[in-house]
Amino acid sequence: MIRPLEHSSRPAVALLGGGRIGKIHAANAAAHPGLALKYVVDPFGDAAAALAARYGATATTLESALADPAIAGVIVASPTDQHLTHCLQAAAAGKAIFCEKPVDLSVERARSAAGALAKARLFLGFNRRFDPSFRALRHKLQAGAIGSLETLHIISHDPAPPPVSYIKVSGGLFKDMTIHDFDVARWLLAEPVVEVYAMGACLVDPAIGAADDIDTAKVLLRTASGRMALISNSRRSGYGYDQRIEAFGSGGSVRVDNFTTTAVAVWDEEGASRAPFQNFFLERYAEAYRLEMDHFAGVLRGEEPAVGFADGVHALELAEAAWRSHATGRPVALSGGA
Amino acid sequence: MIRPLEHSSRPAVALLGGGRIGKIHAANAAAHPGLALKYVVDPFGDAAAALAARYGATATTLESALADPAIAGVIVASPTDQHLTHCLQAAAAGKAIFCEKPVDLSVERARSAAGALAKARLFLGFNRRFDPSFRALRHKLQAGAIGSLETLHIISHDPAPPPVSYIKVSGGLFKDMTIHDFDVARWLLAEPVVEVYAMGACLVDPAIGAADDIDTAKVLLRTASGRMALISNSRRSGYGYDQRIEAFGSGGSVRVDNFTTTAVAVWDEEGASRAPFQNFFLERYAEAYRLEMDHFAGVLRGEEPAVGFADGVHALELAEAAWRSHATGRPVALSGGA
Amino acid sequence: MIRPLEHSSRPAVALLGGGRIGKIHAANAAAHPGLALKYVVDPFGDAAAALAARYGATATTLESALADPAIAGVIVASPTDQHLTHCLQAAAAGKAIFCEKPVDLSVERARSAAGALAKARLFLGFNRRFDPSFRALRHKLQAGAIGSLETLHIISHDPAPPPVSYIKVSGGLFKDMTIHDFDVARWLLAEPVVEVYAMGACLVDPAIGAADDIDTAKVLLRTASGRMALISNSRRSGYGYDQRIEAFGSGGSVRVDNFTTTAVAVWDEEGASRAPFQNFFLERYAEAYRLEMDHFAGVLRGEEPAVGFADGVHALELAEAAWRSHATGRPVALSGGA
Amino acid sequence: MIRPLEHSSRPAVALLGGGRIGKIHAANAAAHPGLALKYVVDPFGDAAAALAARYGATATTLESALADPAIAGVIVASPTDQHLTHCLQAAAAGKAIFCEKPVDLSVERARSAAGALAKARLFLGFNRRFDPSFRALRHKLQAGAIGSLETLHIISHDPAPPPVSYIKVSGGLFKDMTIHDFDVARWLLAEPVVEVYAMGACLVDPAIGAADDIDTAKVLLRTASGRMALISNSRRSGYGYDQRIEAFGSGGSVRVDNFTTTAVAVWDEEGASRAPFQNFFLERYAEAYRLEMDHFAGVLRGEEPAVGFADGVHALELAEAAWRSHATGRPVALSGGA
């Protein structure tokens, strides 16, 4: 356990964005023994003020926060279309950055910022990489528990679709939802992906189709050595948040199953009834968010970010390739790999 | 796999009793590549004839069957109150015996027959000892998988109570139902039981209480070295046949859980629903009955019976001690152990 | 339960082929209360004689068997390249047919026989359709337990690859192994498949690649209404026989998981260890084979075959489309659906 | 979610005891949006100072803390032999009390304090009652999910024994460890217990026996209506913290199983390996401790304590009865019930 620092000697951080995910990061930064949450920045002043008050921080403007030399790090939890701008501003001010996914909705724009962000200490918050169960799975793979990895199944189904208003600005299923799974696939396959085939459909809500998006997809990825990954997505499971991974190797298989809300089961004449899965990402990845913040504290102490800007760009490349595949009905080759 | 013998050169067996359990044994004897089912004996001639016809055997009388020198073994599946008589007759005729449990309803009577049966090749059919899962559990214990065995939980709940008419001639819960669990406990504890405490109640059906019996019990056993076993019984589970064992040792625990009828599960908003447990002993111990018959074929080839008459007497002693404990409200010591 | 017929009044059947699967069918036919196994036909006379002797049948030639008017049905368990010929001969002789999958290795040849077999009472033995768990899953789908079916995952991994000599005459992964899964997909999707995309690789054994085959595949199917199915295949799991299905619908999910060999688990400091999965198809589908034979007995009594020749042709069409997709790297459209 | 109060307007609490359990309560009180942790009291000044510093509280003496009119509640997490004294002092000062179990090691002493504490708002911290899974089980019972409750199995095995120095001052297995299970039994049986039979042994560590204590026990309880409960205890499981409950009723069974540390499983030739159970109570009951503190915040707002001093006395009565039963080898009747 990290010995808590005196509050005054902890590195100070500023949080940009007081929405759903900002609130999570605020709670975790405030509770972390090695961080001091100093500022909350949000154009909606009330949101910023309420969040700041709860954790003994101050609501302020982005400019003031970046101008404060005491601020060592910036947590970018603003809307997606501002991620890139905020990262560039924070980098220009010499701050370490903890940026929410995705880095942007455009591969092209993201690539154009890569140069300016190359030297920044930027940690990209792909939460799955910090989930203890997924980490344990990866550790098993690396320890050779199933020999050489051959194929991968990632099941990632949301409990219920977001409002169509959200869908319209989300960048579409692949950039908004599958983006996590693309990163998980890259993280576990441990090889560049060279081919993407995506079969998508609108089966859940016609309004999603009317917004030129899909709500159901099966995506196949292939690496140069022949490893294959399936990603299964649905915007609506009907049975809670389904987040599973199965890895098949030359010597066996390793899996992560879902967690249930309680450990209760009832047996009667009909059979057994068990508690449902955890409802959504706030519960399922609660510990992952805590561990992300802990990692950011490490970055502020000089550790190398475990996930960087380039990972975000690669995930975005896969998302764009998947959409192209879906649109053309053909597999898409990634010349340099992603 | 045993190479099947020409039918004419297989040892011939006679089945006494064409009831529920007799039908099981008939099917297994007929299908066994090393046995020939020659006779079926049942005072209800129709039952014997139908069963015999199905498997190409002949319905006959006990006297004729025992008088046939071709008969190497006798399967005693007659009513409990005839087990002892039939065993003694078969032994007198020099036949090997496969006797259904219990050997009798009276320890005293059983003991009085022990001399006459001492030299018989008698195999007592305690089916749990042949269940592949329970065997695997015992094998784990013997292999030291959990270090030294300390305590044991045996859960044995029937799906639904038998008719009270059956209860009245059953010998009571401890001799009819717990008898199996007493034998399992002895088999796994691997030490004589020196103390029995039984807490019983009539919670399921007042008619069972009116018949001077109980339908629910928790029994504690203790061995000389201090090992303890719990047996939990109920005549009615409400959720199928519950047959579980947990063994706790110095280095861990080993358990046998129930089997479900299928491997299907449904997940929806309420949680997961799984298929029910196997309904009753005919399904749960189907493989055990086959392996019992296979063992009897081995006994006919000269193998030592794995469970003998003395095991049946000891189980009965425990059943009588449990009833005494229940009746007096006191633990009962077994001077010589059982 | 079916009341057993007098042996002499049961419909008689002839078995063609005394190999691995022939032995299964022989045992099940012999044990069935409504069938009499009269002949075993195999060019290897010894195999036929041994099998016939075991079940009180007679080894004979195909011609004699078909010429016997007492023979009501023929079980075609000969090598794959003789299935079609044997079916045509049996049909010409007016016998009902129980044919092992696949009907042939060529869609073209199979189609050319369709006319001659159109009026035959031919039951095609796709074992998965008779597995109690898969049937229960389908029953749940039909009962609306998960609303409208949207997507399907079929995982079908063998424990270990067959010898390359077998691979060379097998017709390839898709016709030999995936053929089952194509049929399962058709059975559950309940709509014609209009598109197939297959990603294959040789990851298990280079000798399989040298034989122009693959050993690992992910196949995506799509129906006209947009339902999607994934089939995952591997010739070697490293952990036993992996046979699972998950169906995702508008109101939830229904799954069939694997069975373990026993219900034993050990808990120690490292966690829990459970018994392995059933090793291979002879164990996993033992009950399905029994139920197939029971269905064939029904066909002999006048019931409609549940799976017919056309189902075999469609599965073969999907197999050929999958190979074309794998070979060209493009999805393949099935104009008329399969 | 409770709207967080301005820090200055939250009810202030004082924590007595900065040991293992005190640290848990300090963290939960500090993180609770409706509480302000103002003081930490511990005779070891350093411990108090460090804990106070971490959460922005002040280390002080009991007298000062109780004299501060701003203090609304006192958390008694001092050593067991001071619980009663501290409760009486806090009650005399008019503070609400959150007292750790057990109330004392002597039924007699506890009873003698009952009068003085009768009017105190005292909440007794039996953590199991706040575990979400156990609560869900009780909710199922109350909702009639399994009909009428008949019997109960409580399995409560620690991962490893404490040092013998701890054992010597612990009050013995029944007062130190089983005390939780006695309370759980009372909570779920929902009827007074009228009879206790305890079979105990020293199987884990002879030094525990040398200290006149036992480390392994099976306890049977009976209520007036005939409901029965088994409690199984071991000081050392060898496989983590085993905390399970099974309730058997007239219409089925409801169970709480253990949680694993992660949701990872590996399948290979040997079978499946799963992650171990959560190691000990700090992990297993982390959420229960948070919910206890939340309940105490409710008590400070005027809610009735869900568990009171009398519950602590009854659990202690059962512990003393169990020891008497173990010592005499006889069941012990509780005249008034407990």
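Per-chain residue numbering starts at 1, and chain names A, B, C and D are given in the order in which the chains are listed.
We take it that a contact is a pair of C-beta atoms (placed from the backbone, for glycine too) under 8 Å apart; a residue touches a chain by one contact, two chains touch by 3 or more.
Bear in mind the structure is a predicted one, so any value in this text is a computation, not a measurement.
Visitor: Can you name the chains that touch subunit B as well as subunit D?
Guide: Neighbours common to subunit B and subunit D are A, C.
Visitor: Taking CA centroids for every chain, report which one is farthest away from subunit C.
Guide: Comparing chain centres, D lies farthest from subunit C.
Visitor: Centre to centre, by mean C-alpha position, how many angstrom separate subunit C and subunit D?
Guide: 57
Visitor: What is the distance, in whole Å, between the centres of subunit A and subunit C, each centre taken as the mean of its C-alpha atoms?
Guide: Using C-alpha averages as centres, the distance is 42 Å.
Visitor: Between subunit B and subunit C, what distance separates the C-alpha centroids? Give it in angstrom.
Guide: It comes to 38 Å between the two C-alpha centres.
Visitor: Could you say which residues in subunit B touch two or more other chains, in rising order?
Guide: 146, 238-239, 251-253, 267-269, 275
Visitor: Write out the stretch or stretches of subunit C touching subunit B in their complex.
Guide: Residue positions touching the partner: 4, 6-7, 31, 33, 53-54, 56, 132-133, 136-137, 140, 145-146, 251-259, 261-269, 275.
Visitor: Show which residues of subunit A lie in contact with subunit B when the two form their complex.
Guide: Answer in residue numbers: 238-240, 260, 267-277.
Visitor: Would you mind writing out the residues of subunit A in touch with subunit C in their complex?
Guide: Residues 146-147, 150-151, 153, 157, 197, 199, 201-204, 216, 218, 220, 222, 226-228, 230, 232, 234, 236-239, 242, 248-253, 329-331.
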